[in-house]
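First subunit A sits with subunit B, and in the next complex the same chain sits with subunit C.
What follows is the complex of A and B.
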């Protein structure tokens, strides 16, 4: 009996070993190490100098770019939750209440999601090329020459140019999640509302929204943390330029740590990224807990 | 036959839905038509269909981008990552879900899904440098496995908890050991969950740029996404060539999506399922 118990323990140990080992060494350990590196002045090779919170105060108070980078990240977050998610929600509802073409819309909207963000970034850098790109050509052809822009090099417009592709690409992602949530609402709820004479808009905010609130919350969290991490598309299109006008936290961290070899500063940016991600997650969850309580 | 009148709001709805579908598909379509045109045609009449399809763009892109080599790299990294992640996470999830039912270890893994790799990448890369994994195939595969492990366990554990106990018990009574039970009973009946995890890891690894840029720089080892990145710098004004390259990279993915649409959607949206 005893040996069976030992065998069970041994089995449990060895079966969990690969995952626990890899996860601890390559994920948890770097996470802890990050907290330490962020307190150093270090180029990765020469001696480490402990500077306490110096990197953070430098970033927050005297850095040329960090404010811009935070601002860009913030705008990208806003674009996500104020434009992308509402659009996805409305489209999902429209398709949800559609019989003909349901499958087609469902697939068509999801196509950009499966393509790698790298390719999407490459495509949009072709579209937005000021000399050769079809966007400016189209504007000229329809007589709106005054709207043509240096999409990728004008600091005032470039942020828009690098945020738009992401909004476009992942619209279908949120669309699909919200559509699936709507489909899991019991049919009787909607049918009885129709019998009671509720119109489309009433059904939307009296039945649909309350029933998919949990999924909306999940989407908001994924969306915000996604904006905080964003790298591929803007890096592909502009590498964060000109200056820092299309730089986001990941790109800034990447440049500081791996191009300028400022390991300490880079890690401090990464820690800011982590804190911001945890912060918005907590805020959104608290907000929804409060909404749920007040219902 | 009496013609049914279409309500105006339904008509408007369809117009909107179709317009959005066009917005979603047209950019790819544009890449498709451009891939068959001369550069001068693309610049002068960007929206015209190709009159005399220029297939040379494809042969040129195929050679310039060294597609076979890099596609093999991308496939090798992604498929290896899927195999290892699925095996390791299934093993751990089996123990967590059905033997030790340890909440603690599950919470320990759940922590990992809140830590984005971008936020810990610096020490991560320094460790890789220390143990000589930079610029190796093992290195990039390991990176893909590690970054997907926590999430895979996070979805697999609740899935395995739902499995019926009867089959497992019967196997144990028949004298199957734990390992055999795992291989012969648990893995086959967990197919659904494993497929979701597998697709998730496959797409994540296939679409990665961030980790590959940091781990691999040797020309022979780079992935398709890195090739894209390099091509952009070198051939930015050669629209025909780049469009053809993009089509070569996108078509296999689209075919995969069409064939396994349900699975792909499930894998990609697994992030929204609460465990």
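What follows is the complex of A and C.
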């Protein structure tokens, strides 16, 4: 009996070996290496100098931009949670309750997700172009010239100009996840609620939300960690400028590591991103555990 | 029972295949390459032929560079008994990230195009990634220093050591859309005051007076250097930056104040980030939306025939405090040249092949092809320019206007440390967008320079 158990264990270990190997080589090892590089002053070429937590203290206490960059990243995370996910949820519910054109809406909302983020960035750069772009032109044409803006160079506006395309593009991603979750709810539940006289809002509030809570939690985690990694669209649109007005952590990391050749500082920013991602994931999980306990 | 055994057997087989696939998959490319390297087209052994990895901006997908790309391929074919060529293209600023990643992973290409300016090349030279270019010139029988203009060497040197020679010369010129000036009855500007005076007229008619922007410091940094170039003894300001790590000088203060005045008087587009970077800036002029531009010759191939007919070259308008005779002042540039990896150079198998390939990369054949097909002005002085073959509009005119005039350096060339460049770029972005004053820009850049000096 024992040898059978051992054989089974060995058998499953044997199956797990390739994926464990790949995971270790391509994820665990680079993560550990990053922790090491973050403790160095290194330009990627010259001799490595160990500076301990020097890169982190520089970033936190004497860097001109790091506070702004961190703030921008938090605003991007908030935009994801407060605008993108609620919109995706509402749209998913509307399509879920749609009888005609279900497949059309399903595809239409998802299309932007499959377009390259670089293209989206370029496209929105053109939209916001003050001379050729349709946004200012449209505002002028409809007599709202006072609303025209320098969308990409006004530091008060630029952050929202670069967040908006990302919100639009990935809306469909969360839409499709939440729609799939709604479709997995037994139809009988909704039918009986309808028979009992529940209206659309009540069904949404009392049946849909409690049944897809797990998936909402997953979406929040994906959304928050995705916001921390935001890079391609804002980089294409503004390269993080002017100054650091539209710089997020990943752009700052790229500039430090690859433009300024400060691999140590760049990696320290990457470590901050990792810690932030772990932190928000833990908080979200604790929050949902607490909600589930109180339900 | 039988079925269970069969399932187990199949599982075991599948697991073995997975494990083997993982292990052999990781080795696959290496084995294929070994076989390819060992076998010639005629099937004979080719163990002695080295593989040279070249990174260039000459691509097969761009019609302007395709003929030159094909010439390189043909040359490699003809010399296949000496070396095998792996030709890669990484365009624009991404090349910096690519080379730095390659250096960190010890896979530096044998020959690669790169910025020769000190701010970019010093760390490559100091860390023995590349060789001093004279080592190659000493051994080459075909390429010598005296084939190229002496004044171009300062742009491709790091602390007086030549790191490359530019493959092409570039000129920065002031262009005006004569049709727009005539249409609105405005004289071509000769001074800053003239420029400020024309601003209202053009803005009232929906025309941007001067196409200029700043995104990642482009193209603004060249324009800042152009204005600084008019100031008395400006060379000392650039030297001061390199040697003393500061831009806090009277000339630079004056220059940034002039730019701020231009911005305040709405000479530039309102959104300088949207119009920033080379292509967007040039498109604004090329589409007839701007009356003037300060452009570089690498942008000229994008000019339409129609716009070329309307365009005139003017002497740089005189700036307050400037002492330079602007009729004899056109900044010349061009710091992109081929660099040679030190480890490849020291590899006896690759050494001679590198000289052969480098000789061709700087040959008159390639210089002429780049000029007539893509509009790159030859760096070699022995290339006779046949104007009838120059297909890029206005290029001959610009060459004739600019050749032999006084010039001055730029900031990437004189920036002492690579790590400070982002602060220059950010500073210029902020200045042009009007979110930082000239004083703040100088202070921020100087802080960055001071920190770099301490490192």
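One rule holds in what follows: the second predicted complex is superposed on the first by the 269 of 295 C-alpha atoms of A that agree within 3 Å, B and C clash if a C-alpha of one lies under 4 Å from a C-alpha of the other, contacts with A are read in each partner's own complex, and residues count from 1 in each chain.
Here is the rule we use: contacts are C-beta pairs under 8 Å (C-beta built on N, C-alpha and C of every residue); 3 or more make two chains touch, one makes a residue touch a chain.
Owing to the predicted nature of the structure, the values given are computational and were not obtained by experimental measurement.
Asker: Clash or fit: what happens to subunit B and subunit C when subunit A is overlaid?
Answerer: Once subunit A is superposed (C-alpha atoms), there is a clash between subunit B and subunit C.
Asker: Please work out whether A:241 is in contact with subunit B alone, subunit C alone, both, or neither, and reply first, second, both or neither.
Answerer: Touch status of A:241: second partner only.
Asker: Tell me the contact category for A:44 with respect to subunit B and subunit C: first, second, both or neither.
Answerer: A:44: touches subunit B and subunit C.
Asker: Once the structures are superposed on A, label A:132 by its partner contacts, choosing first (subunit B), second (subunit C), both or neither.
Answerer: both
Asker: Which chain, subunit B or subunit C, is in touch with more residues of subunit A?
Answerer: After superposition, B is the partner touching more of subunit A.
Asker: Figure out whether A:20 sits in contact with subunit B (first) or subunit C (second), or with both, or with neither.
Answerer: first
Asker: So, does A:261 touch the first partner subunit B, the second partner subunit C, both, or neither?
Answerer: Only subunit C; A:261 stays clear of subunit B.
Asker: Once the structures are superposed on A, label A:28 by its partner contacts, choosing first (subunit B), second (subunit C), both or neither.
Answerer: first
Asker: On the A-aligned overlay, A:11 touches which partner chain: subunit B = first, subunit C = second, or both, or neither?
Answerer: both
Asker: Tell me which partner A:184 touches in the superposition: subunit B (first), subunit C (second), both or neither.
Answerer: In the superposition, A:184 touches no partner, neither subunit B nor subunit C.
Asker: Now that the structures are stacked on chain A, which of 25-33, 43-51, 97-105 or 295-303 shows subunit C clashing with subunit B?
Answerer: 97-105
Asker: Indicate the residue numbers of subunit A shared between its subunit B interface and its subunit C interface, in ascending order.
Answerer: Common to the two interfaces on subunit A: residues 11, 15, 18, 22, 44, 125, 129, 131-132, 254, 258, 263.
Asker: Subunit A touches which residues of subunit B in the complex?
Answerer: Touching subunit A: residues 9, 13-14, 16-17, 20-21, 23-25, 27-28, 30-31, 39, 42-43, 46-47, 88-89, 91-92, 94-96, 99-100, 105, 109, 111-112, 114-116, 118-127, 142-143, 145-147, 149-150, 153, 178-179, 182, 203, 206-210, 214, 225, 228-229, 231-232, 236-237, 239, 242-243, 246, 249-250, 253-254, 256-258, 261, 264-265, 268-269, 271-272, 274 of subunit B.
Asker: Which residues of subunit A touch subunit C once you look at their complex with the stated criterion?
Answerer: 11, 14-15, 17-18, 21-22, 41, 43-46, 64, 125, 128-133, 150-155, 158, 238-239, 241-245, 254-256, 258-263
Asker: Looking at the complex, which residues from subunit C come into contact with subunit A?
Answerer: Residues 8, 11-12, 15, 18-19, 21-22, 93, 96-97, 100-101, 103-104, 123-124, 126-127, 129, 208, 214-216, 269-276, 280, 283-284, 287, 289, 418-422, 425-426, 429-430, 432-433, 435-436, 444, 447, 455.
Asker: Help me check something: in the complex, which residues belonging to subunit A touch subunit B?
Answerer: 7-8, 11-12, 15-16, 18-20, 22-23, 25-31, 33-34, 37, 44, 91, 94-95, 98, 101, 104-105, 107-119, 122-127, 129, 131-132, 134, 137-138, 168, 171-173, 176-177, 180, 200, 214-215, 218-219, 222, 225, 228-229, 231-232, 235-236, 249-250, 253-254, 257-258, 263, 266-267, 270-271, 273-274, 277-278, 281
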